[in-house]
Structure formats: C-alpha cells, structure tokens
Amino acid sequence: MKRSNLLKLVQAAMDEYDVYGPVQRRTTWVFDKIDDPNRIDMDYDNTMMSLKKFFIPSKEVMMRFNLREMSIDDSLPDVKAERPQLLVGVHACDIHALLFLDKVFGGKYVDPYYVARRENTTIIGLNCIDPCKYGFCKSVNTHMVNEGYDLYLTPIAGDKYYVHVGSPKGDRLLTIADKLLGEATDEGHKAFKTSMKHKHKSLPVGLHLDNINETFDMAWDDPIWVRLGEECMNCGSCALVCPTCYCYDVADELDLSLSGADRTRKWSTCLYHDFALVAGPHNFRGDPSARLKHRFYHKIRGALHDHGIIACTGCGRCIEHCPAGISVKDVAYELQKRWVGAPVVKGG
Amino acid sequence: MVQITLTRTNEYLPDLAKLVKKTKLTEMESLFEFEFLDNNVRKYFTYSPGQFVQVSIFGIGEAPFSVSSTPTRPGNLELGIRQTGDVTDAIHNLNVGNVVGIRGPYGNGFPIDKLCGKNLLFIAGGIGMVPLRSVINYVVDKRDDYGKVTIFYGACLPDERVFVDELENVWPNAADVEMHQTVDECHETWQGNVGVVTCLFDVCKVASENTVAMICGPPVMYKFVVQDLMKLGFKGDDILLSLERKMQCGVGKCAHCQIGHKLTCIDGPVFTFSEVQRLQEAI
Amino acid sequence: MGDNGKPTVGIFGFTGCAGCQLNILNIEDHLLELLELIDITTWRMVKSENSKGPWDIAFVEGSIAKQEEVERIKTIRENSRILVAIGTCATHGGLPAMRNFQDIDEMKRIVYGEKNDHLDVIPIKRVADYVHVDHELPGCPMDKDEFIRTVKALAVGKTPNIPNYAVCYECKIRENACLLKENKFCMGPVTSAGCGAICPTYGATCEGCRGPVAQVNWGAEYKILKEMGATDDDIKRKFLKYCPVVADAPEFKELNF
Amino acid sequence: MATEKIEIRHITRVEGHGSLYVTTKDGKLEDVKMSVDEGARLFEAFLVGREYTEVPEIACRICAICSASHRLVSTRAVEKAMGIEVDQQDTNLRKLLVWGEYIESHILHALYLALPDYIGHESVISAAAEYPDVVKIALELKKLGNDMQILTGGREVHQVTPMVGGFSAYPTHQDLEHMKERIKESRPKLQTAIDVWATLEEIPFERKTDYLCIRREDEYALVDGDIATLGGLRAPVEDYKSYIKEYVPDYSFAKAGTMNGCGFFVGALARLNINNDHLLPFAKKTLKQLGIKLPSYNTFHNNAAQLIECAQVFEMTEQTIDGLLSSDLEWHEPKVVPRGGRGTHIAEAPRGSLLHSYEFDKNGLLKKADIIAPTTMNYVNMEEDVRAFFPLIGSKPPDEIKLYLNRLIRAYDPCISCSCHVTETSGRT
C-alpha cells in the first residue's frame, strides 16, 4: 500500500471510527484524536504517553450512586456504547504492552471496562525498521509481534507499506480501504525482506532475559537501590508513561447536592507515599527508595512470576521521561553484570 | 467446600445489603450484621473462613473487611469493624435499616478442608480475632473433624478485647478447646496474664506435632510469633498468616496490596510462612 | 449547624492578595449550589452583616503578618469546629514570607522612614504556626475545584482528598512535553500536585507554589538543575520562592547552600 | 453635644482590610481618617534581588483582583528596562487579557459589591434569593470575563502564560472565534444589567476634584498611553514623579498620593471624564441611557462608569479578536537577554491607574522598585470626599451615616490589599 493511501484509508475510516494517531507536540509526540489525516506523523520516534490511556483512561467513572434511592448505575453500558476506536501507527512494543495488560485485566476476575474498550478497538500496527532513541525492544524480545494487531504495516522501499492482516477486524478495515491496497507483488515481498534485514541489523541488544529473574533474586540488597533512592524523586513519571504500569486508586466523589456520587478510578503509581499507606497509620513502604525498588521488582520479578513475561516492553519511555535520568535498562544491565556476568551485546 | 458463585457481568458492582444489627464490641469496634436485599444473593452468597468482602458506603468509599461469621451458621454476614477512617466512620454511623453495598467474597481464606484431623493453634492480636473467629466457630461447629484447639489472644487493654462473651464463656467451655488471654498493660480489673501475646507460649506448652498455627494481628506481631513457633518446631507450611495490605479493588487489578510478586487479595490474605519467607517486605 | 441544618461557614482574610477568597467567588458555575450546601455567616469581603461565630467550618486565607492577626486567628480557632487554611500564604507563608530573610526593622525604616512605630510588623508565619489547622489547601491561588471538593467532603464528614504526590503526575496525564527536557527549571517533581499542572500545561515552569511534596527529595532536583546550568543562587531562589518557611526543614538544610 | 466618634471598623464588601474613623464635635465634622489595616507584606523589599523574568509573576501577587493588570504593567516595565519589543499579536493578546479582567472586575464590583446597597440587601448572597435573575446574569458576565482571562492567561487569578517578551502558550483560532461569539451573545445580558442600573436611585453628591488616567489619541487608552488629567495635563509616564507625590499618614500602612498638594481621582469615572471622545457606539448608548453628563464630579457615578466601560470593552474585544484571527498564533519562545536599565509603565487597572517602575542591574536582577496602586492614588481624595459628603448626611441616624460612608468608600472600588505594601525601597539592606 502506498503511504498516501494510508491517509485515504484513515480519512475513510473516520466515518465509522474515532481515529487516533501520533502527532508532534513540542518536544514529544502524543496519540491524539485525528480529524485531519495529514496530522499523523508515521515517522514519530515514540509518544510520551502509551496506549494504555485508551483502555484504562487516566480517570474514569465506574458507576454512579443515587443516594436518595440507594441505587447503582453502572457505566459499563456507556463504555460499551462508545464509538469504535482505530489506533494508527502502533509500534510493536506497544502491542506487546497490550498483550500484557490483557493478562492483568483478564484472569480470574475480568475487568469489564478494559475488556469492553479492548473489543471496541482496532489497531494498525507499524513495524519499526530503525531504532528509536531510547528503546531497547530487541533486548526484551518485543520487537516482533505475532498477534495483537489487526493490520500491521512494514515500511518498504518506494514509500510503501507491506501489510499483514492479523484479524477479522483487520479484514473489515480493508473493506473500507477497498481499492487503496493491492495484492503484494514479488517485488513487494522482496522489499519486505530487505526492510526486515535492515531492521534486525539496526536494532541494538543490551540485556539478556534468561537470567533476569535470578539477577533480581540476588540483587535485593544491592547498593544500587540506595544510590537510586537518592536520585529518584518519586515523581511517578516513569510509571505514568509506562505502557504496562496499571496501578489505580478508587474514590467516591459526591455531587454538590450530596444526593449522588460517582465512583471513579484514576491512575496511581507505587512510587507515591500513600500507595501502601493504611489506616492506623501504617505505611508498608514508607521509605522512598523502597518504593522505587518495588517498581522494578514488580515489573520484572513479579510479572515474570504472575504472567511468565516481564512487564517491560523496552519502549524506553521511562528512560526518556525520568527527570532524574534513571534508566531501567542501565539498572538491569548493571545488576546483571554484577550478579551473573555481563550480557553479550550484539547488533548496532 | 463447594461454592456456587454468583455470576456477575461487572465484578466491581456491589450488591445492596442492609444493616440488621449493630453490637458494640469495644469503644472502637462494633459487630455489624448485614442482610442482602436481593433474594438470589442471599441464597447463593457463600464464603469460607478467612475470606473478606468489600463494603461500600456510597459517596464515601469502599474498604475490605474480613468476614467474622461462619458459613456453618447460615444467615447474615457479620463483620467486626474498627473505626479508623472515613469508610469505617461512616459504617459506625449507620443505623439499623441503612443500606450499603457489599461485593465478594474475595481472597483465598483458610484451607479449612485440608486442616481436617489437625490440632489447631489460633494466635490473634487485637482485631486480628475478627477473621479467626470465623474459623474458630467453624471448627467448634464441626468439632469432630479437627483435633485439639488452642487459642491465644492478646489485646492492649482488657476492654479492648473483642468478642468477650465468646472468649470468656463460649470457647473455653467447648469440647477440647484451651483458651488463653493476655493484655499488654497491667490493669486493676484484670487478673489474667500481662504481656504481649508471645508470653502465652510460656503459659501454655503447645506441641508442634500435627498442629497448624493460624495467626492474625497487627503488622508488628507476626515476626515475633513466627520466631517462637519455629523454636517450637513448627514447619513453615504449618504456619498460616492472614496479612493485611492497602486494598482498593480486591480483585488483583489495582496493585496496592502487592507484596513482592504476590497479591494479598488474590494469593492471600492467608499465606503459609513458607511462602512469605521468600517474600521480601512481607512481615 | 445553622438553623437551616446547613453547616455554618466563615471565610476570613488575613495578610494576602485576596485571591483565594476571589477564587471562591470565581466558582460561578456552582456558586448557587454551594450556597445551598453551606450557610456563609461571615465573609467581610462579600457581606455587610457578619456573625461573630461559632462556625462549623472556618476557611482562612492569608498569612499571619502582624500581632493583631495572632489574636484574631486564635479567636477564630476557638470558635470553629473545623479550620481550613486556604492558599499558600495560609499554608506555607507564601511569597511575602521571603521578607523574613531580611532585617525587618531596617526594612521598615527604609520603607516608612524613622516614624514607623505605628507599624505592626512581625515575621510572616503560616496559620499552623499559631493554631491547629485541620486541613490545608495550598496553591497560589487555591484551586477552586479543590475547594468545592473540600466543602463537599467536610459537609458529610469525610477527609478532603488533597494530593501529596508530585505535579508531574498531572503534567504527565495531560501529556505535556517535559520542560526539564527543554532545559527549563521546572519544580514539578518536588512540588505537590492538585493544580492540574496548570503552569507546565501552559508551557510555564512549575514554580512550586503548592509546597513540597511528601518526603521531598530536593537533593535530586538540585542535581538536575545544577546539571542544566543553574547556579546555587538560582536554585535557592527557586526552592524558597513560594514557601520560604521550608528553609527550616531538615531536608533543606542538608543541601548546604 | 460633645465630641463623637464614628468608627467603621472594617469596611465590608471591599478587598482587604480598611477602617474609617470620623470625629465630630457638636455635629460638625472635625477629623477624617482612613486607615489601612492590612498586614504589610513589603513586596518591593523582597522583589529586590529577583530575576527580571520572575518579577512580573511575583508582582502580580500584590493583588488578585487586578492580577492581570499588575502582570501587564510589571511586564511592560521590565521590557522597557531591557529594551524588548513585543509584536502586535502579543500586544493584542495582552489587551484581551486585561479586558477580561475589566469585565470580571467591574461586574464583581458594580453588581456583587455595590448593587446590594441600592436594592436593600446586605450582600449578593442574600440578594440571590430575591433577584435570582439578576444574580444569574452577574454570574454569567463575571464568568465571561474570567474565561477571557483564562483564554489568554491560562488562569483567572495570577495568570501563568504572560512572559517577559511574549507568552508561553497561545490560544487557538477556534478558541478566539468562540470567545467572540460569546461576547456577541452576552451583549443582551450586559444590556439587562445596565437596564437594572438605570432604574436605581442616584445619590446626589458633587465635589470638584482632579481626575487622572492615561490617554492616547487613537483609542480608549487602557494598557498604554501618556499621563493625562481632566485639568489638562499631558506628560510621558516616565515623568510621573514630577506630578504624583506620596506621603505616609501616621495612622496607616499605606502611602497616600497627592497632585499639587490635593487629592485626585483615578478609576472608571476618571477615564470616562477624560477619554469619552473614544467611546464606541455600545458604550455611547449606555452613557446616554444612564443619563450621566460628562464631566461628572459625582463619585457615586463611578459604578455606572464601570458598566459603561464594560460595554466599551465588549466592543473593543470584538475588534481586537478580528485582528488576532489573521495572525498565526504559533508558539515561539520569547527572545530575551538581560541588561541593566530602568523601565516605567502605567496602565489602567479596572480601579484606576497603576504604576510599576524598576531598575535592574546588568544581570537582570532587580535593584529598585516603585509601585503605586490605584487605591494609593485615591487615598487622599477619599478622605476629602468624606469631608464634603458628611454635611449632607450628618443629621441622619448613626447607622445610616455609617451605611452612607461605607457606600461612598465602596464607590471607589478600593483595593486595600493593593494599597498597602506598595512602597518604594532601594537596594538590599
């Protein structure tokens, strides 16, 4: 498919979907609502906020209480009735993040709001054939995707995309695209292989995952946590921009008439003072550096235990947006070096 | 135990329940008895000892509370609640007939079936008795299924003890139950033991053989109790701890109750000491 | 409670710019609803007939900057069930407390000449330095939504939910490009949120008007600003700007300017 | 009859804390003292040593009600000292900001604070029950003014976007168009408020005094111009010291301004008296409807003048937005480099002329500040007015005397928080 045709596809899809895509904002990019396809910047490096905002909004009303009648009005039907959303230009790492969130919000108890939004969303993925500034996807095996997209675009020579179809939703989208997309030619197949070769050569590798759990088991008392504790301000930026951090707070907010109330949830982060604070008061993680450490342990050791994969997709957002310049990649690398020997660094 | 669970489309939506009875336990704690409004819920709502429910006061918030009644006595849900913050204040201000929201039960609870045939040692501190009361009464009701029962209970002051009637009159008189109490501070009306709960190990010799210990109390208590139990020869798997953490969702999503890689609400609140031993920051 | 069953409220101005009181008036959309909820019995800026208390809730704006105000705040405290300090002047002393670092007598002389005995001027302090304060709504000016939420919470006996995490939370959620990355001296990471990160959202650096966040780590922010080329003087000015009282905090003293 | 004292401790429904003490002997006026009881904050003392970029941000905290004006005047004074030019687009945005403040502040004063007296209420709160419609309109108009300040300044009180050299963020074309629509739609509401005012009973009181404001020959000057008086003075703002003198009364925290040894009036009525030749049609019509003959020497007309100015600002806003819609409104970093120097600016805050004058060292740190707020300028005039007004009401019962004196002071729309701490200092001590 020609690049210019993608814009036409987006234009056509706008009748049916709320379309979101990467657009530039000052020194960063954001996934923003698209009313003019020309605003989409498919060459973006990385967005500041990940896609989680489309599935667990930073603040959402879960239900409303009527205090006069003592009744509950669930917001789930409203969520289900939202216009379908189409996300354009989603990098592989972010698709992996969604696959991880699927595990968290599924399981024994399903989070119906998340699932409803997930079902209501169509994703056009975008294969990165050149590395972004802070990412390290290849180190954590998230540079390739087998599932989680509806269409997947690989940029190939001649300002074109090589398109994979990943689901019936993707097929459905193609009916809108109709004449915008041709059957891949031999030349196209060849160009695809060239792009992929280029990709594998250009993406660097800096960690190895095989021993990451042992490393973290051993590193609990490592002096690095004291050092990071001094640098980290517990501002939470890392967790907020992280595509797999999902902690939230729940609170009831009364109407001014005091006759009704919303139960809302909003993002929180385990870095905040009150996160593990209970009535009493007793704080289970009262020490700021303990909270920073917890974030690392939960994401790496904990997620591996619970879901078999680490909760880091190598997107590099927390590295880019940490005001103190703390890098999860460097921390993991340093610990590996100290506890199990230096990982072999391959590639570009 | 077979549980018929109610199917819900939205796990977060509470069921309505009304307060039917309120009994003062101490200055700070009361026992609240709730009855679900919906017939179906009333019929199918079951739980096992050690599980908890999430109680909503609409407009104020939601908080987790262990169930204090026992499923062996079908009827209403009893919760023993200490007044310490917004939700608990509001619960204490409820009048009989007022409606709240309740969802659950959540958490693993005590592995009550696996404990059949064992001797049981209960160690509770303060309102840690709330979840243990559920197990104790369960065992008392199914007395033949379990071995010897020993109960250690510690509170700061005599009048800070909860369920005094059961402590003084019911459990000591049940078959093959040994009951010991202590208070932290000496008090003129108190003739019994004085000292923290671990001092009861000197008063009553417990054998670790074929015995499982169940512990619930304030955060500081666990470490010392476990040390003493280990000295007595208890194995990690035979020590069960009911832990408390901050909770918002109760169903493993909000991540507040995370201890290392475990979620208190799903993997717990009851853990064996073996599990906890390998978990940093747990006790 | 007043005769009508509504909580009685007094709104008081001490030394300040009246911005927090004005922000109550600025709640145009909900002012009438708010008046349904509470009974404002004292508010000199808006009313001519003012009660002498008691009040269920007293909202106090401004810092304590003269001896006469010390007595007045004590009287208000004695006559109020709940006392809420509104705005940074009341919660942290505010900008004008910067003058505490200078010699007041000398300053009075320069400003008003030798004949300055009639001037009642004492070091500027926050309300909590003199009386017990139940809740604090910081911000220069106080955030009006936070005020509404507080009134609602207090009306039902709930604890007002005042954030004690960093401004970066709100800044990130609004998806602003980080100003520190543009080499601008933003105080977001060490400042309490609650303002909706309004300054960074409009491209202006956070100046720390809501006061330090819980367990503030100034050392780390110091290092960041230093690396960006700020001098010790720049940083000190910045850290002490809206909340000069923090100069007394041990975390601040550790910085050893 | 012996000596009697009338004390109005705490003039209500004004910003800040002030009191009025009147002494009479045998029913005759002996002495009048206005005292400002606000705690002194000594802004200029701690402004010294601050960076030029943050001076306007700190200075606007002198007063919340006129924060936009303080911000603008302070910024312009800094820019003049640094030799920074600001383009037409940014100048226009600043105008919108200040005009938003005009609408908000005038409505607040005329309808929330002054009107209750005319309709027999102690406050707008108590009036709300009897006149819900008027109060609703007042709320909506005030919100309009606030939203205009938010549009350009980011916040209604203590704006965040204005920077030395420009802005840190710009509104979009859409937002501006939307604002223009709202102004248009709000005209009938303002008209209703004016209609209500036209029915009120006037207080007859006249006293000849001089009036001061800024003036330009091309428009109704509010943000930039020369010093002008009704008496015919024209002078560049830099020369203010030759005309405006200040002294500190020994019973007050504030300084008091005089011109030629007498009090003078600043505020809406002064501007109307001096600049009425630039009124646009809506304001002209309003002036006629309210039946005010210019020049007017009746202080109580100041409230009516505020409503006339609202009408004027409505129309000026529409014109200015039209101008802005053709500029790009792209964000650009203000280009500023510090240098030493002096800068003085005077603009019209809603309640009168406001002056900031600074001197900076070569690193752009403030060396010296002089700030004169409107209420400082009006101070002496207020006391003189009380003297002249008292004989007209002296025979009334004490409560009524107090009420009338309160109303007279209130007519000035005094901003007492501004008036004090606004003093001159030099050098760090």
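Think of it as A, B, C and D in the order they're written, each chain with its own count starting at 1.
Quick note on the criterion: contacts are C-beta pairs under 8 Å (C-beta built on N, C-alpha and C of every residue); 3 or more make two chains touch, one makes a residue touch a chain.
All values reported here derive from a predicted model rather than from experimental measurement.
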Pair joined by the larger number of C-beta contacts - A-B, C-D: C-D
Distance between the centres, which are taken as Cα means, of chain B and chain A, whole angstrom: 39
Chain centre separation (chain C, chain D; CA means) in Å: 25
Whole-Å gap separating chain A and chain C, where each centre is the average of the chain's CA atoms: 37
Chain B-chain D separation of Cα centroids, rounded to whole Å: 66
Residues of chain A engaged with two or more neighbouring chains: 26, 251, 254, 258
Two or more partner chains touched - positions in chain D: 331
Chain C residues counted as touching two or more neighbouring chains: 156, 203
Touching pairs among all chains present in the structure: A-B, A-C, B-C, C-D
In the complex with chain A, residue positions of chain C that touch it: 30, 33-34, 36-37, 148-149, 152-153, 155-156, 161, 164-166, 168-169, 172-173, 175-178, 180-182, 186, 188-190, 203, 213-217, 219-221, 223-224
Contact footprint of chain C on chain A as seen in their complex: 25-28, 30, 48-49, 58-59, 230-237, 240-241, 251, 253-258, 267, 269, 272-274, 288, 321, 323-325
Chain B residues within the chain A interface of the complex: 9-14, 16, 56, 58-62, 84-85, 88, 99, 101, 219, 244-246, 248-249, 251-256, 258-261, 266, 280-281
Parts of chain A lying in touch with chain B, wherever the complex brings them together: 62-63, 65, 67, 70, 72, 74, 76, 104-105, 107-112, 220, 246-252, 254, 258, 260-261, 263, 265, 268, 270, 275-280, 282, 284-285, 290, 294, 297-298, 301-306
Partner chain B, residues of chain C touching it in the complex: 156-159
